[in-house]
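Two complexes, one shared chain (chain A), two partners (chain B, chain C).
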Partner chain A sequence: MTVKPSVQPASTSALSWLSYLVPGLGQLLLGHTLLGVQFLATAALVWLIAWPLLQSGAAFSIVLALIAVVSLHLGAGLTAAADARRRLGAEQAHAAQNVYKRWSVIVALAVVVLIGGLLLKWIVTLPSWNEVQRNFLFLLIGRFRAEQFADQLWRLWGFAALALGTVAAFGMAQLKIRNGWIPLVIGAAVGIVLLFPTVSPQVSIGGLALSLILAILGILGAIPLGLLFGVGRTNTLPVIRGISVGYIELFRSLPFITVIFWFFIFVPYVLGEGTQFWAVVAALSLFTGAYVAEIVRAGIQALPSGQAEAARALGLSGTQTMLQVVLPQAVRNMIPPLVGQFISLFKDTSLVSIVGLIELAGAGRITANRLVTATFELYLTVALLYFVFAYLLSLLARRLEAPRAVR
Partner chain B sequence: MPRSTYQQLLAVLVLLAVGVFTFLRVRAGFEANNITLDWSIFSKPSPLTKGTYLTTILIGMLLTIRLALIGIVFAMLLGTLVGVSRLSQNPVVSRVAAAYVEFFRNTPLLVQIFFWNFGVINVLPAPIKNWLFDHSPEQWAVIAALSVYTSSYIAETIRAGILSVHKGQTEAAKSLGLSGSDVLGRIVLPQAFRAVLPPLGSQFLNLTKNSSLASQIGVAELFYYGTQVQSYTFRGFESITAITVAYLVLSLTITFFLNLLSRRLALPGR
Partner chain C sequence: MTATNLQKAASPSSAEPIIKAVDVHKNFGNFHALRGVNMSVQPGEVVVIIGPSGSGKSTFIRTINRLEEHDKGTIVVDGIELKDGQNLDAIRREVGMVFQSFNLFPHLTVLQNVALAPMRVRKTPKAQADKRALELLERVGIAEQAHKFPAQLSGGQQQRVAIARALAMDPKVMLFDEPTSALDPEMIKEVLDVMKGLAGSGMTMLVVTHEMGFAREVADRLVFFDEGNIVEDTTPDEFYNNPQHERAKAFLSKVLGH
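Right after this comes the complex of A and B.
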């Protein structure tokens, strides 16, 4: 094992120009192993992609490859040269730091542009996008696009009501206007009334629309369950706590796919024939309810215990303390994780295609099986559709979380 | 009797009422459809694997554990890489890592499994495709999907862990002359991992549960074998019960060991 000399010999410093030729070599010789390895790895990646491109003859690819290769070699060389001057004093060391900062960004950008550009070009030029276009409406609303439902299409305005209610509630919260829940409830009520006939007694809608309806119905069932068992878990009475813990732990230890199987097989026995849709909604609600209960419990426990103690000392009963003092304050902490749980629920609805409801994932599966050729394009579209909604919701959750830091 | 006793009795009664109602309706449904329960099927020889149907379920459990272990190794590697990249001072690197996390967290795992299995494998170059077709492509698709999906959650956990390590630790290590990689690898990450052990453990549990989705593209694991037992024996109730009990056993065992582990490895004073 050799000991690294504290002052680099002049001959090694002079070798830093080697990095112009082989990115990373100069850094390695100067003793900056991490930087050297980073540049070497990047160089291997870039050249592996760029070499076939340079020989391909397509102008677009050659330009991308040249940009990446040139910025890589220039960056590695300049950084190594600046590093070699580091020993000359504090100013030079500072300058070397800046050179590294600037060029690491440029090189990373060039690599991202190279890979991203190629990927984008490849995806855009895939042959079967027109198949996706032809089936896009099926992905959005499923069988509902058929002729026989043409006079029912206006019911889709229910989604507009839902969106409007949510946006209004969010806007009012941002502007610090009270009672933001009123437009939310009105929007949800109008939306559900309009959309209800599309799922009951017969499920005529499908695709993304059905996924959204399932998620909304699921969370509407999960919140009361979560409140009931979440509060129950903080109860001091052992039997009530035991029942709550049993419910929460049972559903949290099972994969959703088994829960949905149970409900799909047994709910029709309990509620009668033709209740498969409600079996699925019940499965979504009970499964998500266990997770919501944990959110409720965490929200209650995050509250200083002095609140409940003070309420009890003022003579409020246990129920009054919970309903009038603890829960109203705890709800504020619960809303951001609740939105997160709603995103999970929205993603979980993709599993109901297993029991025959044709929501977004099911619609994608059916279309892919029929087309055979366009599978990549199709599943990418399905994934992006899920992503758009889930990402918008997660942005909302983050906005709701932000004011807490200020408060 | 005190009031609390009445409350508890009431809760038990409500639970009993729901249970008895469900039981009676299900039993009536079973009688109407001439379904009887027969638990002895699990001691009958299975055409699926060697041994009885019970062995089939147990083999399924082993395959699920194997899938989960392979998945967690790749997910930890990827997740650590992305989590560290998210905190990179290079804005391009940190943004690419953030985009990775957002995309894979906000799409359902089932769609990702389909995407890898039917989408990506179709468009791979011929030599890789041919190799995969000889080495159960579905299994690799599931491993890819599971580890990428879980890694996006692990990345966020690890990022939180790194941020929770006190800044003084990094500064002290740097002033002692440690290089950048040593500071990260020897000082920050070991503390970060220990700080986030409980959430990491729950990700491992999630991955085990999520591996049940592999059944949807025909990868043999617990849920797949369970549904196969059902279609061979026409015993829906018995096989779904077996699957449920098996997953409960798996989950509770994993939870038990994770609790043991986090108690032993927990950072003192936290």
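Right after this comes the complex of A and C.
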């Protein structure tokens, strides 16, 4: 290794660190622990060697990097194959080895490493990250400033309650303890009660915090609506079924933006000023509720009809049959599509900025407009924040499902 | 003939019938599934219903607890006429049903399956409902499985739980719709034995089954369905040895291969 540290600017060392992180983590995610670790080391070496050359613009450095990646990758593949042979037997080991010998795989990986590295380099060396840093708090909580509400600071414990509930549910799922939804619901309830007054228009909490608050309130509204109308749609009484179908089809046929606009204008008109926030929550709940209702209906109809028949034959009433027999089973089928729906609700909150609520997307846009220079960096940050929370939600859901699937 | 059978043959047939169906019709769209069925069943009688597939056997016994509504005719169960606006739950409390596919509730334990209806419908306190459920599970021979889930039981065990579940409501009539036809041969006997015990205890039973051995041992009457109607109503032995109807003869030779 002939790299002199003094040649590298500060950003470069950060970059090379990131560039071997990506493919290495990729391998780790694929479950190839050994390969992942080796790949991290490989990429580190490649970038340590190639980086100074690349900086000086030497074209052959790319070739050098490619060769290094290919050879080290092959080495890693062989090691992985040996590992597989030890654990799984010759046949699988052979298959594993062949995958790493395949040129398409090698070339694809090399290209990913190089392009990924260059892209990362470009992103990291964008000029205005310091602007993002300066406005990051605005992206997270909007104009909300604690010092203006020093007497209300304890309310921020609501976030802690939310986080604790989530972590507890996650942990319980990991440990295969049932009823993980209990801490989740308690955490959400406590969090919302505590944070509730901070969302009034005067306090104007915004940014990511507002997005999360809107999403959680929207979900809490959408679940009872969805249950009510989803069950209603399976009712034998034509009136109840008609009302349910009307609600579901109406909201599924309207673009979300029109629903927001309509509620934003209509609700304060009827209930007075200062209700805009709740108008938006109602719009989110009613809109998502229609989709939840369809998920509920599908979950109910996926059950064999013998279940409801057996319950009715025992003398259980229609309501008892639904609550004791049908719904407990249907809920299990409903979890995966529900999570998808809630992720999409979380992303839909980005549309409420058109009526002046400065949630995450709105905060990003305002900042970008004000600064002019840091547009790309800001939107990238906003996208990352959305991604992290949406992905966490889907991870959590997968963990919550797992222990139930056992029995 | 067994002792229980002799006892029952001696029971008076002059009492009020517990089930009385007169000219019962049922349509599914254009399909005329029941075409004027008449049947009356005395308390304590065991009636076996047989007939070719699609002849309306299931449809008929399902009209008796109103899982199916009949379009024409009258059905009276234990003095309650089945019609619109009736308190259905009152009738269903009198009539237990066992299905071909068991239909146990998979999210509840065996004990919870049996105790559910008494707790919810009769408002029996939990401790009492559980105790009774255990007694019933004892009676069908699976008390030691009480805390398992249905999916952990064999088909025969599941069907015995289903019988216990129906009995938990203390019904006056039990309906069985091909209770053994989803079971492996070695499990059929354990279910039939439970049903025989039940018949011996004087339960009124309507059983759709093709188990001729069971019919001849336990049933007081055998009813042959064809194309939505009863074409023969006789004793099992009479039917077995001397079927009157052409269709019945053809059916017997198909089912029994003789």
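Here, the second predicted complex is superposed on the first by the 278 of 407 C-alpha atoms of A that agree within 3 Å, B and C clash if a C-alpha of one lies under 4 Å from a C-alpha of the other, contacts with A are read in each partner's own complex, and residues count from 1 in each chain.
As a convention for this text, a residue touches a chain if its C-beta (ideal position, glycine included) is under 8 Å from a C-beta of that chain, and two chains touch if they have at least 3 such contacts.
Keep in mind the model is a prediction, meaning the values are calculated, not measured.
When the two structures are aligned on the shared chain, A:Gln320 is found in touch with chain C, with no touch to chain B. Within the superposed three-chain model, A:Glu309 lies in touch with chain C and out of touch with chain B [touch as defined at top]. With both structures placed on the common chain, the touch criterion links A:Ile223 to neither chain B nor chain C.
When both complexes are overlaid on chain A, the residue A:Trp262 reaches chain B alone and has no touch with chain C.
Of the two partner chains, neither chain B nor chain C is touched by A:Ile295.
After overlaying the two complexes on the shared chain, residue contacts for A:Phe387 are found with chain B alone; chain C is out of touch.
By the touch criterion defined above, A:Val231 lies against neither chain B nor chain C after alignment on the C-alpha atoms of chain A.
Judged by the number of chain A residues each one touches, B leads among chain B and chain C. No residue of chain A touches both chain B in one complex and chain C in the other. The touching residues of chain C, counted against chain A in their complex, run 65, 67, 89, 92-93, 95-97, 99, 101, 103-107, 116-117, 120-121, 149, 151, 162, 165-166, 169.
Within the complex, the chain B residues that touch chain A are 4, 7-8, 11-12, 15, 21-22, 25-26, 28-30, 89-93, 96, 102-103, 105-112, 114-115, 118-120, 122-123, 179-181, 209-210, 212-213, 215-216, 223, 236-237, 240, 243-244, 247-248, 251-252, 255.
Here chain A touches chain B in the complex through residues 33-34, 101, 104-105, 108-109, 112, 237-240, 243, 250, 253-258, 261-262, 265-266, 268-270, 343, 347-351, 353-354, 361, 364-365, 368, 375-376, 378-380, 382-383, 386-387, 390-391, 394, going by the rule given at the top. Chain A makes touch with chain C in their complex at residues 304, 306-307, 309-317, 320, 324-325, 328-329, 332, 407.
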